[in-house]
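Quick one: structure below, then a few questions.
Order of writing sets the labels: A, B and C. Residues in every chain begin at 1.
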């Protein structure tokens, strides 16, 4: 089966500064892929390119089978995206948010209705359908945001630090949702600062100073670096990073 | 040094409760951690203690001074680092530090020894504007600005949020060294693993305290035996263990699952092997702060 | 297509759930219609004029009564001599003066022609033109009336003199008005935004939790704006002098002193506006909406205040730029001294002190 993401020497330069340097990797269908790196390592730059939001300086890549230079619109239609800072409109209700995002992705009206009911049931938010999102506790917002990101059943969903600041129980409930999506064949591309979450991934890549310094399953990485936890692996790689200033 | 007695605070005329009856005390020279997720009430407590908010009910004192009546005195002797590293984005590192030193009626030279170790790390960039710094560097600069006037108490509201693991570690190393100078430090963080670096911690969720103790004390108070269960098929394992009738609680913790049992734990492994988890292992472990937090949340 | 509709629908929801913006979106047009439709007009009514009648004959008396009867004019003074006119004009008590020479009636009877002198205050050239035109109309009608009685054409010629602004240039009216508007807007906007910016950034929190007294925060926010505004003022005056041929006729020192007074008043309004605003955007909107409309409409340089409904006239007394506008016209255009503007200065001083006191009291030393 063709990989959902395939990159070859993908690079982004800002003037003299090389934010992402010759990234080459593949992500398979249904994989939970952890994309780690310190602040300034180039994670956000890489993600933006893969989502079709930023044009690379050089190199090749396809996402969901579409070329990231010439078919960015097709990419956007076939991916989901959730960021920590924003995903839902605070002054719209739960149902309105679902309807909005479903509509944006071009779902038909009957499909939207079915999907809305389904989501509300799955998340146990039926009673909150008409509540404004700003009144929801953070944990519920996060779970709703994730469901909304995959409302149109995309091939792959990009999650940018989705569990920041959330309590430990909700965090795990969130990962239950990620597992459920992965089981359905949705590929999950997630960045996180929680090292235990790195363990939940099938494979993990760690970016340092704009390059991918390591890419493998958590088990193999720990063996490779003689470490007991992913935190130690990360620390080992990141602490000598030159780009601490940026 | 810091005392909170039955503090209550809500927003929007009582519609949004933020803190619902918190009592707490922090000893002089302690490194005290306030651990809890977003929305737990940490920032509200900090703002009450730094005299920026008046509690609806209850009293609070800092260094013997009342937060409502003696606010001016408190304001001149505490150091405060609010969330979001509030710095002047278009001033350089050096200009920011100079400004805050002057505002507190001192100079950088006077208390340089306090910030020296931290400042040396960012000194090479002292002419760079604060807006162009990385998260880790902003953090260090903000800490310097909060320390420059030699406060007796340091309030750090989520100083490590959004910053990478390496910088977080370095930051806590710096805090340990500051503690040796005799400064009382109250830190809030959502990261459970940072709890172990504090003298004592308070676990807080939804406006109330779940527990206050030393990290060891909290761990010792965990009521059941805790086991780490592992196998190659982690994802499937989660389902299997949850299906096991003897399981009380089961939570994912990275590579392994942390499980408590209603009765005898031993039947689990044979049961798992029967389910196809040939390489399943189980061992008794000491709970961590996160395990305790989850346990306290459920009760 | 469906995507477009979905997005549009969301935008509607946003707008209708934002009460403050909604108030502005609907409130503003309604307010404007009411104001412009009913309250404000360029029509001149009840202009204060003075009449000096050296002739005191039947002809002058009848003409004067015609003028008095018209709703356009309000004869404030029946003066004995023309020497008193200067003072009245300088004070701004009258907008126009009509002088009938001693042999008005005789000339009219014997030659069928007579002249009357008309002096108009042209510091507002539009106003001056309008009222002299009204007067001409009345005189022409009177001419016709007399002609009917006498059976021969009668011609009374008003000889008009435009005071202070003989070329009827717009600049003398417009420059003081713009000065008031610009200084007011810049001061309120810049001050309110500067203070709210600290709140938004979060640095206000740190400043509050420090020995730095709140009053120093205020002074340091106001100081650069004061300086910049004075520089702005100097630039405007220079430009007026060099390019618009509008020098300062009176004392420059007095003008600058009064301007600083006005600037301080505007700064304190900015301070007051910043207290309740949480975002820079709200501060800007508040300054614009709150100050632009009243300043433009109620200062008196676009629409004469005397012709507004009583309610608006009273309201205009509360607008600081109205008083500043008067001061500038008197000092800059008419070359008057402190004796002519001390009342207005006192009013501005009072406003300034009051606003500062209120702002200082209400300045939030805490976060809520």
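Keep this in mind: a contact is a pair of C-beta atoms (placed from the backbone, for glycine too) under 8 Å apart; a residue touches a chain by one contact, two chains touch by 3 or more.
Here the structure is a predicted model, which is why all the values come from computation and not from measurement.
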| item | value |
| --- | --- |
| Where chain A and chain C overlap in contact partners, by chain label | B |
| Which of A-B and B-C has more C-beta pairs touching across its chains | A-B |
| CA centroid of chain B to CA centroid of chain C, Å | 59 |
| Distance from chain B to chain A - Cα centre to Cα centre, in angstrom | 26 |
| Chain A partner contacts - residues on chain C that touch it in the complex | 2-3, 5-7, 9-10, 13-14, 17-18 |
| Chain C partner contacts - residues on chain B that touch it in the complex | 47, 50-54, 71-72, 75-76, 78, 80, 82-84, 86-89, 100, 103-105, 145 |
| Chain A residues within the chain B interface of the complex | 37-40, 137-138, 164-170, 172, 175, 179, 193, 195-200, 218-219, 229-231, 234-235, 238-239, 241, 243-246 |
| Residue numbers on chain C that touch chain B, as the complex places them | 201-203, 205-212, 365-368 |
| Of chain A, residues touching chain C in the complex | 89, 91-92, 96, 99-100, 103-106, 108-109 |
